[in-house]
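Below, subunit A partners subunit B and then partners subunit C, in two separate complexes.
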Partner chain A sequence: MSTPNTSVGAEVSRIKNRLAEHRYLRLLVAPGVGLLWVTFFLFAPLGIIVLFSFYGAGEYGAIVQEFTLANYERFVANPIYHTIIAKSFGIGVVTTLIVLPLGYSLGYFLARSDTKYKPLLLGLVVVQFWVPIIIRTYAWISILGRRGVVNQILMMGSIITEPLQLLYTMHGMLIGLVVSLMPFMILPVYSAVSTIDDDIIQAAKTLGASDARAFYEVTLPLSWPGVVSGILFTFIIAAGAFIAPQLLGGPGERMIAPVIADVFLRDFNWPFAAALSLIYFLLIGVSLYIFTRKADLEEALEGTAL
Partner chain B sequence: MKGRWNWRAVKGLSAFVYLAMMLPLLVVVLNSFHPDRIPTFPPKSLSIRWYEAFLADQMLIDALVFSTKIAALAAIGCGIVGTLTALGFVRYDFPLKKGLVIAVLSPMLVPPVIIGLASTMFFGEVGLSRGTLWIATMHVLIGLPYAFLVIRSRLYLFDETLEEAAMTLGASRLRTFREITFPIIAPSILTGMVLAFVISFGEFTATQFWVVGSKTTVPVVIYTMLETLITPKVNVLATFVLVVTIAIPAIGMLIQRQLTATSE
Partner chain C sequence: MDDVSFDVEEGEFVTVVGPSGCGKTTTLRMIAGLEEPTSGNIRIDGEDITSLPAFERDIGVVFQDYALFPHKTVAENIAFGLKMRGKSEAEQQEAVDEMLRIINLEGYDDEYPHECSGGEQQRVAVARALAFDPDLVLMDEPLSNLDKKLRQSMRTELKRIQKETGVTTIYVTHNQTEALSMGDHLIVMNNGRLEQLDEPKSAYREPSTPFVADFLGQSTRLDGVFKQNGSGPQVRVGNVDLTVLERPDVESGDDVAVFLRNELVRLSESELEGDNTFPGSIRDVDYQGSDVNFFVDLPALGTSVQVSAVNGTPEAALTEGDDVWLQVAAKDLIYVAS
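Right after this comes the complex of A and B.
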């Protein structure tokens, strides 16, 4: 009674199996999906940027589709853009230098501590990853403001008499950046340090190494992959920061990401925004190239996905 | 294992970092209950007036719904694309594999402002109009590296003899995947999807290029509120985001624990 069905079913599954075994189809179906996604929605758009950066800008956001070097000439002729880019990369470096010791301490603490609250403490760090950066950043407005938490506490303790100007300064912006990027250092360092066998450190000490020496010659090198991962993310995200400079920084703290967005969204000058993006992208590329000479990029990128 | 003095320094710094990380979250929640328009510290009393104002503001509710919808689509997209891509990279050998992995991971490296601007130019040329499909597609791109990495690291530990055993016993490839492979990697797929959800829900820098009119996400609304109209309703909205972005992954982790327990 079920003969036709069974034979159809058998036929279908045989075809499915043969399709599944076909090598090229498998390549297309499996890694190909992700590769197609990045090709269509990332690499092709990046190609479009190159094209647009050689177009001219007309009035009222019009795009003149004729080859011109005007956008690059404008960049070269205006030192303000060089300063903005240099400052962005500088802030990337400074943020990383502050995040590194603080994040390392916490990651090290989590890995080496034997407190029973460890799952909770680890959870509090992971939660930082989940809560959007814009929320963790804008909250500082009411913490750092003239009548904010920090100033109120300092005044109550009579440490200061006049409120400090913390908001809308470089310091305010750095506080926002450093704190919001901290988890990118803490988690990879934590996972790297927790894989270090305590016996190795003990062995170094038995052989006469001081605490400091055991740390610098055993623990630190062994946790280096975590540090490298933290440095990569902190630097790239801080240099490309948008929210912290806009909400916490002063008017003098112009960074490259908000400037590109302004040129694009407010001036509607797509070709110049494309040229700025391309220059910025190439400089990030150079940083990554320097990075890959010292460390493995793939391994570093794996650091945050725990 | 640790020198007493050094360990104290580590503990002290850690406590300081915890304070700095938790303070913003606490302040957001506290301010949402603050009775005044300009919050002062410490508040003299608590009130739910801004919650009432928030619930009466349809635009804010719409943004929460839209963000949730986009994040759910991004999670599903990343679950499917991430799983297939990870399977492909772990199971098959093909030329340039090392470089192609970096290609899949590259959305992590390209600054979001460039992703935002480039795709706006690109979709403009292609002729796609702004809206759900556009934003969801791009959020899949942004979440993909995370989902891919999480699922791939689980697949590395996968014992392939289980699949061979199933096929030797006569199961088809599809059935083997459904009954052997999928249940084992399901917890990691869920983790990847949850990550994609929270990343999508919080993404701002690129997304500000893609929103239009009523189809706008919560982070963009928060930013606009902060830039233009100063209203305490922003603290209520932020508190809701806080609850969503902590509750969804927490629930995900509970389900994941359940799944892992049953599959092993």
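Right after this comes the complex of A and C.
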């Protein structure tokens, strides 16, 4: 072996090694990119919040990096925060309970109907997602206001003499929440119901099931995954609602998300805001866990083995 | 649909056969209550059920794709009809046990449909339709999703189950083998019309319309004119007179369609004697295993005729280009007014 050959050979094997290593690295990174993303944008911020909730709040927004339970003590000592959290949770539940029958009906009929307007109607539901929620919520102001569309129509029809106070009330806020969250129930239900083979429902009827019983025995259990999806989405968003309470709710409708925002941005009390966030996060998390466990249990009993 | 009317005797097995789109499934669905007839009525045991919705009719239906409830077990599927009728749990269990025994799936109570094979699912679908002891069972091409061997064994199974339960059955199919082998009576439909209602043997041997003659079995169709003169009953096809037997419903001068059934045409390399003999040569061979179909050009008729030979006979060994003789006896020539 002459020297030139050896050096070329050694060079080549060096490159080969690096390529092989590179490819191994590449393979390693590929699924790992997803993991990195989740770590960066989910776990890291969460971790920061957990950390901050145990720091102290200094003057003018400074953060005292010492371990303290002061924030949690403050939460426990102030019943007003308990009320706000309970109310927010409650509004989450109420909104979901209103959206559920309305959204399910719409999703169901959309899935089962055979009209040529189906794509158009579906499009109308989806189009709402293209409009930012702040604009969608803001629009309600001009509808529900004292000189808004609703009051104008009622006045013109002489149904009322004085304009109704719809804005800055619980009703106004709920309307805004419910309407903006409807697509989150309609679409999963539509998706689930449209996968149900019509033959199966007809089979139930030939076996003696009335329309109502066929729905209860066949359609409802088979669309259950869609319902659970819808409930999860609706509740999570409603319980943590920020824009609707801000724009449409009154002082009586204080919800936790705007309160946390205030503590962050107005009081510059990051640690306390972090503590409040974490507490609510855990509350919602545990509730959802219990809910999905119960929902899965029901699914298991129904025997949806899919 | 165009004026379809028929009666079915209790305990009978009736097959309805016809090409896709002939209206057989529509007829079935109207009987089941899944579609409304524009006119006419449906009666069971003398009782008019036309205005009853599907769930109030006492009719079991077996769908082509089985339509089993995926979220219910086999037992729950079978018991469903009884559950809807308010039967007690004990009664339901008894019926389920009995049905599982009849369909040979004992022990499958807690299986789910997706855990069963195609044939098993099919049997569960049948059991479900029979479990609540209906007046009538309708089957919509239940065997078309099965492979050939399974289809054959299921055919026998279904006939056995029907005999054992004695329930009146209307069975829809586009497969003429099933239609011929399964029913006490056969209904042939085409284009929304009822072509013939008869016993399978009669429909096959004495079809009443050109469509039925063509649909059942394999044959070659020739069009001609019937004439009755000094030489006896004949049909003139092109330049040739075919000798036939007289029929009461056909008169001299009527247009007729003649059908030569593949298996009734005699084939031989040597010259044949008898009525309707023709020389020809084999143009094409269609090998089917148990038999062979030949397409034979007959210069005298100016067209080619299909003829089949059974595996094992010397004729089955013939190939393209061979010169042969064909002969059809007058009694084997089917012809119908067209």
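Going forward, the second predicted complex is superposed on the first by the 266 of 306 C-alpha atoms of A that agree within 3 Å, B and C clash if a C-alpha of one lies under 4 Å from a C-alpha of the other, contacts with A are read in each partner's own complex, and residues count from 1 in each chain.
In the analysis below, contacts are C-beta pairs under 8 Å (C-beta built on N, C-alpha and C of every residue); 3 or more make two chains touch, one makes a residue touch a chain.
Note that the structure is a prediction, hence the values are computed from the model and not measured.
Applying the stated contact rule after C-alpha superposition, one finds that A:Arg213 touches subunit C and leaves subunit B untouched.
Ranking subunit B and subunit C by residues of subunit A touched puts B first. Using the contact criterion defined above for the overlaid structures, shared-chain residue A:Phe281 touches subunit B, although it does not reach subunit C. Of the two partner chains placed by the overlay, only subunit B lies in contact with A:Gln128; subunit C stays clear of it. Contacts of A:Gly34 after superposition: subunit B is touched, whereas subunit C is not reached.
In the overlay built on the shared chain, the residue A:Pro221 is in contact with subunit C alone; subunit B does not reach it.
Looking at the shared chain after the overlay, A:Ala203 reaches subunit C, while subunit B stays out of its contact range. With the contact threshold set out at the top, residues 202, 211, 302, 304-305 of subunit A are in contact with subunit B in one structure and with subunit C in the other. Contact residues of subunit A toward subunit C in the complex are 197, 199-200, 202-211, 213-214, 217-218, 221-222, 302-306. Every residue of subunit B that touches subunit A in the complex is listed here, in rising order: 1-3, 6, 9-11, 13-14, 16-18, 20-25, 27-28, 31, 38-42, 80-82, 84-85, 87-89, 91-92, 94, 98, 100-122, 125, 137-138, 140-141, 144-146, 148-150, 153, 172-174, 195, 198, 201-205, 208-209, 218-219, 222-223, 226-227, 234, 238, 241-242, 245-246, 249. Those residues of subunit C whose C-beta lies close enough to touch subunit A in the complex are 32-34, 53-57, 59-61, 63, 65, 67-73, 76, 80-81, 84-85, 112, 114, 128-129, 132. Within the complex formed with subunit B, the residues of subunit A that make contact are 13, 16-17, 20-21, 26-27, 29-35, 37-39, 41-46, 48-49, 52, 101-103, 105-106, 108-110, 112, 121, 124-125, 127-143, 147-149, 152, 175, 179, 182-183, 186, 198, 201-202, 211-212, 215, 236, 239-240, 242-243, 246-247, 256-257, 260-261, 264-265, 270, 273-274, 277, 280-281, 284, 288, 297-298, 301-302, 304-305.
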